[in-house]
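Each of the next two complexes has chain A plus one more chain, namely chain B in the first and chain C in the second.
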Partner chain A sequence: MKRKFTAFDKVIIAFAAFFFIAPLIAAAEYSARGYGDKGHTFANYSWIVHQLGFSPALLTSLRIAAITILIVLVLMVPTVVYVHLGGRRYRRLVEILCLLPIVIPVVSLAIGAQVAMPKSLQSTSYELCFFYVVVAMPYVYRTLDIGLQSVALSTLVEASQSLGADWFKTLTMVIIPAIRSSTTGALFITFALSLGEYTLAVLLHFHTFPTWATNVSQQNIYGSIAISVTTLGGAWIFLIVIAFIPRIKSLFAQRKRVA
Partner chain B sequence: MVIADELTSPIPTRGGRGTSRSTPKFKFDKSLLGLLPLFLFLGYFLLYPIASIISASIHDNKHHLTLSLYGNLFSGNYRDAFTGSFKLAFYSMIVSGIAGALICWSVVKTTGVVRTITSSAAGVLANTGGVPLAFMFIAAFGQEGLITKLLLHVFHWDLYGGSFDLYNFWGILLVYCFFQIPLMVIIFTPALENLRVEWIEANESLGGTKFQYFRHVLIPVLLPSFLSACLLLFASAFSAFATAAAMSNGSIPLVPLFIGNLVNGNVIAGQENQGDAMAMGMVIVSLFVIAAYLLLLRVTRKR
Partner chain C sequence: MDLHGSTVEFRNVKRTFGTVKALDDFSLTIKPGELVTLLGPSGCGKTTALRILAGIDKEHEGIVEIDGKDMSQVPANKRNIGMVFQAYSLFPNMTAIENVAYGLRVRGVDSHKRESRARELLDLVGLSTQADRRPTQLSGGQQQRVALARALAIEPSVLLLDEPLSALDAQVRAQLREEIRRIQSTIGISTLFVTHDQEEAMAISDRVGVMNKGVLEQIDEPGKLYNKPRTPFVAGFVGLTNYIPAVTESKSLVLVLSQSLEISDHSPAVKKGDEVRALIRPEEFEVQKADEGATVITKSFLGPVTRLGIDVGTPDLIYAEITSKEAKKIDTGDFVRLSISSDAVMIEHV
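And now, the complex of A and B:
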C-alpha cells in the first residue's frame, strides 16, 4: 500500500518517537548516576552481575524457558499440523480452545494453579513451564496457523509419504522446515514470554529472573533501573537484529553471485 | 467404523421415533484422537484450575454452598477495587486507543528501517513491558528524574505542582499508556494495511473531498476494527498486574493487586475464598469484553 507520507505523519512519528524514547534515555541517564554526585559511571551495571542470586535466577529462567519451548514444540506443532491436515472440521474448536487463555486473566490463572495443582508440582519451579505454555498458546497458535496456511501441506505430506517417510520423519524433516519462519516466530514469542513473565512467578512464589530483579531493586534503586534499561534496550536491539537478518543474508547472497 | 456402529446399534422401534431423534447416538470419531494431547493439556492446566476457583468461590470457609462471596464484590473495598480497575482500563483504553490509532496511521506508511525500528519497539514495549517499564518511569518522571527536571528548568512546568504523582491514578495511567499504545499499534496495523489506495482515487474521481473520504470511507471501514482493538486494550489494562504491582505501594485499589495481596497471605479471617470470587469476577468481566470483541470481529469479517 502506498499512501502519501505527509507532514502530518512526520509530526506524529516525531512526537511518538519523543514520547517513547525520552523516558528510556532519561532512565539510562538515571541508571548511570552514582550515589552522592560522583558523576556518571557504569558501576550500577556491574553491580547487577555481582548481586547474590544473579546467575541462579537467570539460569532458572533460562531452564524454564527451554522446557517451555520444548513443550510448545512437542504439543503445539503436531496439533496445529494435525488440524490443518486431518481434523479440519475441528479447526474452529481448536481455534477457540487455543484463544481461551486470553479470556482468563493471568492473576486468576495463578489463583487456580495454587488451588488445583498437586503439592508435588507446586514445590518445583518447573510448574511455571506448563502455565507459560498456556499463556503463550494464543500467540503460538496464531503464528503457526498463519505459517501453515501459506504452504501446500497435503501435497508435501503426500510427496514425503510416497517417498517412504513415516509420520515422524514427515513432521521433522518436511513440515517443520517448510514452516521454519513461523515455527521460530512461535518459539521466540514463547522464549521472550517465559523469560520476562512476572505475575505467575511472583504469585506462585518462585524465584525467576524478573522476581529476583524486583527483589534486589529494593536495595539499590539505581541498580534496578540499570536492570530495566538493560532488559528493555536489550530486547529491542535483539528484535531489530532478528528483523535485519534476512536482509543481511540476502546481501551476502548477492555478493556471492557477483563474485 | 460407521458401518460397524450401524450394525451393532439396536434397531429403533417405530414408537420411539421421537426419542431416537432427540438422543442421537454418540459416534466416536477417530480423528479426535489426534487432538487428545491438546485437550488433556488444556483440561488439566487451564480448565481444571478455573473449575477449582469456581468451586472455591461458591463455598464459604465452612464448606457451605453460598453466593455471598460474590455479593461481597459489590460492597466496600472489593467494589472500590473493581471500580478502580474499570476506571483505569476505561481511561487507558480511550487515550491509548486514539493515540495508538493515530500513530499507527503514520507508521503503516513508513517502510524499511523506520518500519523495522518502530514495529520492534512496539513489540518490546507491548510484551516485555511490566516491571522494567515501571522502573523506567520512576527514573524518568520521578522527583529526581531527568524529564521532571527538564520540564521544570526548560519549560518551567513543575510536574509535581499539581495533583500529579507517579504513584497515584494519573501516574499509573501514564505508565499504562506506554504499553497500551504500542499494543494498539500492533493490533490496529492489519486493519490499516487493508486500506486500498484505489479508494482514495475512487473518492477523488467521484469528486469527493477529503472530509467526505474520511466520513464515508474511512470511518465506516475502520470503525469495527477500531472498536474491537479498543476492547482488547480494555481487557489488557483490566487484567494487568506486573506494572501496577511494581508502581503502586497498594495505594490504588485495583482488582489484580487485591488478588495478589490475598494470595500472599494477607487474608481477613473467615474470608479465605474471597480471592477466588474476585478472580472469578475478573474472568467474568473479561469474558464479557472478549465476547463483545468476537461479535465485532464477526461484523468486520462479514464485509
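And now, the complex of A and C:
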C-alpha cells in the first residue's frame, strides 16, 4: 500500500529539504560571484584548475579514495556478512570495534597507528588509505549491517552454495548486489571521507586535495567556496554513477538477449 | 530433460543441538527417481536431515551417501543437489531467467547455452512469459516455481524440497504440489520433500516417513501409513484419530465401547485388565439412528462425507465420518448406536 503524506509530513519534508538545500544554493551562488560587483561568473571555477598543484593533489586523493574503497570492500563486507551468519557471537565485539574510531581522537589515531604501520608504507601517501578505512568503519559497518538485515541472508547464501557457488561467487554475485543500495552508500561514505579528510593528511604531512584546497583558499575566498561546491558535486556524480552502473549493465544484458 | 535418479542413503545419522537430539540413529534409503517425504511436527528433525544431505549442516555422525559415494567430505557447493527453500530464496538482484541460469553461470556454461536451458526450465514450470521479471514482480507461487526451475537447471542428482509450499495460500499450494509431482515424475529425479502438512505428504509421495523427536517412526506408502500405522504416534499424527478409553480382555483382545476387538500387531504388550486407549479413525465407525444411546452433538459437512461429534459418555467427543447421503437421516440431538468396523485396533497405554 502506498503511504499517503499528511500535511504535517509535507511541512517536515519541505523544512528538511530547505535545511539541506538552502546552504548549497547559497554556497553555489556565493562561489559564482565576481570581485567588485561584476555579477555572476564561472571565473572562480576556472581559477581552481589553474592553481599550482591542483592535478597532483586531486589525483593523489582519488588514488587514495579508490584504494580505500577497495580495502573497505574486501575487509568490511565479508566481516559484516560473517557476523550475520556463523559469527553472531562476535557481533557485539565487532560493533564496539567499529565504533571506536568515533571516540578516539584523530590525533591519537594518527600518531599511534602510524607506529604500527609497515616501514615501507610510512613514507607514502598510501598510508592514509588504512587510516581512512579505520575512520570510515563506524559508518560503513552500520550501513552494511542495515542492508544485510533487510535480506534473508542465510537463505540466499545456502541457495547460492547449493547451486554450486563458492564463497567468493556468493559474495560478489549475490550478496553485494542484493544489498546494492547499502554497498553503494558505504562506498559513497568512504569516497567522500577519503576525498575530504584534512586533519590526518595535514598531521602526517601529506599533500592531498583537502590540504591543497586549504592552502589555495587563502588566496581567493570565492574560489575556496567554488572548491567546496566542486568537491560536493563530484561526490554526488560519483554516487549517481555507482548507483546506476548495475542498471546500465542489466539494460545492456537485456538488449543483448533481445538481439 | 531426463535426469538420472540417484540412490540416497542415510545410515545411522545422529545430530544433537546441545542436549536435544535432532536426529537419533536416522536411517533412510531413497531409491532412484523416488519421491520420499519426511513428515512430522516442528522440531522433529526432518529439516535437519535435509540440511545434512544438502551439506549445509556438517556437524553430524553417521554416513550420508549418494550413489554409494560418501558425502561427508564433500562441501555443499560440490554435491550437485538442487534445493527449494521454505522462504522465498530468489536472488533479488536478478530476473527470473537470471535466477534460473545462476547455477549454470557459476559452472562456467556459456551464455547462449545457459539462456536456452533457463528458458526450457521456465517453460517447464509455466513461466516462460515472466522471464524478465524480478522476484518482487512475481507472486509467491511464481517465485517458488522459479526456485524449482533454478534447482533443476543444474541437473542435480537429488532434489530437496524444504517446505516449499508452506508460505503459499491453499489454492496455489494444492496446484503447485501437483505440478511438483508432475515435473518430478517426468524427469525422474530422486527427491526428498520435507513438510508438516500430512495432506501434502500423502498427495504426492511415493513413500512418507513420519518423524518424531529425531526418530523415523515409520516409512511406508501413504495408504499403508494411514491404514496400518506401526506406532501410536503415527496413528495419531497421520489423519484424525479418536483416543477412546478401553480395557484389555486378554493379551490380544480389547473392549472398546462395549465391543470386543482384536489388538493390532504394533501395539504395546498388555495383560488382561489393563486400562488403555484405543486409537480409532473416524471412518472406522458405523453410525445408526437409535431410540437411546449416544447423542450427536455436532455435525460438520465436509463434502462427500459428514463428520459427527458424538457424546458416548467419555471425556471427549468421538468423531465419526459417514457419507453425506447417510448423514441426511441424522441431526444433532439424535440418539445413535456406534459400532467399530475395523478388524484390529491399535492401543496405547494411558
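In the analysis below, the second predicted complex is superposed on the first by the 171 of 259 C-alpha atoms of A that agree within 3 Å, B and C clash if a C-alpha of one lies under 4 Å from a C-alpha of the other, contacts with A are read in each partner's own complex, and residues count from 1 in each chain.
Here is the rule we use: a residue touches a chain if its C-beta (ideal position, glycine included) is under 8 Å from a C-beta of that chain, and two chains touch if they have at least 3 such contacts.
None of these values were measured; they are calculated from a predicted model.
S.K.: Of the partners chain B and chain C, which touch A:T60 in the superposed model: first, second, both, neither?
M.R.: In the superposed model, A:T60 contacts neither chain B nor chain C.
S.K.: Once chain A of both complexes is superposed, is A:A192 in touch with chain B (first), chain C (second), both, or neither?
M.R.: A:A192 contacts chain B only, not chain C.
S.K.: For A:P210, select first, second, both or neither according to whether it touches chain B, chain C, the two together, or no partner.
M.R.: first
S.K.: With the two complexes superposed on chain A, say which partner A:N44 touches: chain B (first), chain C (second), both, or neither.
M.R.: So A:N44 meets neither chain B nor chain C here.
S.K.: Which partner chains sit in contact with A:L24 here, chain B, chain C, both or neither? Use first/second/both/neither.
M.R.: It touches chain B, and chain C stays clear.
S.K.: Applying the touch criterion given at the start, work out whether A:T183 contacts chain B, chain C, both or neither, answering first, second, both or neither.
M.R.: neither
S.K.: Classify the contacts of A:T143 with the two partner chains as first (chain B alone), second (chain C alone), both, or neither.
M.R.: neither
S.K.: Between chain C and chain B, which one touches more residues of chain A when both complexes sit on the common chain A?
M.R.: Touched residues of chain A are more numerous for B.
S.K.: Return first, second, both or neither, reflecting whether A:V134 touches chain B, chain C, both chains, or no partner chain.
M.R.: Only chain B; A:V134 stays clear of chain C.
S.K.: Would you please give the residues of chain A that touch chain B in one complex and also touch chain C in the other complex?
M.R.: none
S.K.: Over in the complex, which chain A residues touch chain B? Could you list them?
M.R.: So the residues of chain A in touch with chain B come to 1-5, 8-10, 12-13, 16, 20, 22-27, 29-31, 75-76, 78-79, 82-83, 86-87, 89-90, 94, 97-98, 100-117, 130-131, 133-134, 137, 189, 192-193, 196, 198-199, 202-203, 210, 213-214, 217, 221, 224-225, 227-229, 231-232, 235-236, 239-240, 243-244.
S.K.: Quick check: in the complex, which residue numbers of chain B touch chain A?
M.R.: So the residues of chain B touching chain A come out as 31-32, 34-35, 37-39, 41-42, 45-46, 48-53, 56, 102-103, 105-110, 114, 116-121, 123-125, 127-128, 130-141, 144-147, 150, 178, 181-182, 193, 195-197, 200, 235, 238-239, 241-242, 245-246, 255-256, 259-260, 263-264, 275-276, 279-280, 282-283, 286-287, 290.
S.K.: Once bound in the complex, which stretches of chain C touch chain A?
M.R.: Spelled out, the residues of chain C in touch with chain A are 54-56, 75-83, 85, 87-89, 91-95, 102-103, 105-107, 115, 132, 147, 150-151, 154, 160.
S.K.: Show which residues of chain A lie in contact with chain C when the two form their complex.
M.R.: 151-152, 155-156, 158-166, 169, 173-174, 177-178, 180, 246, 250, 254, 257
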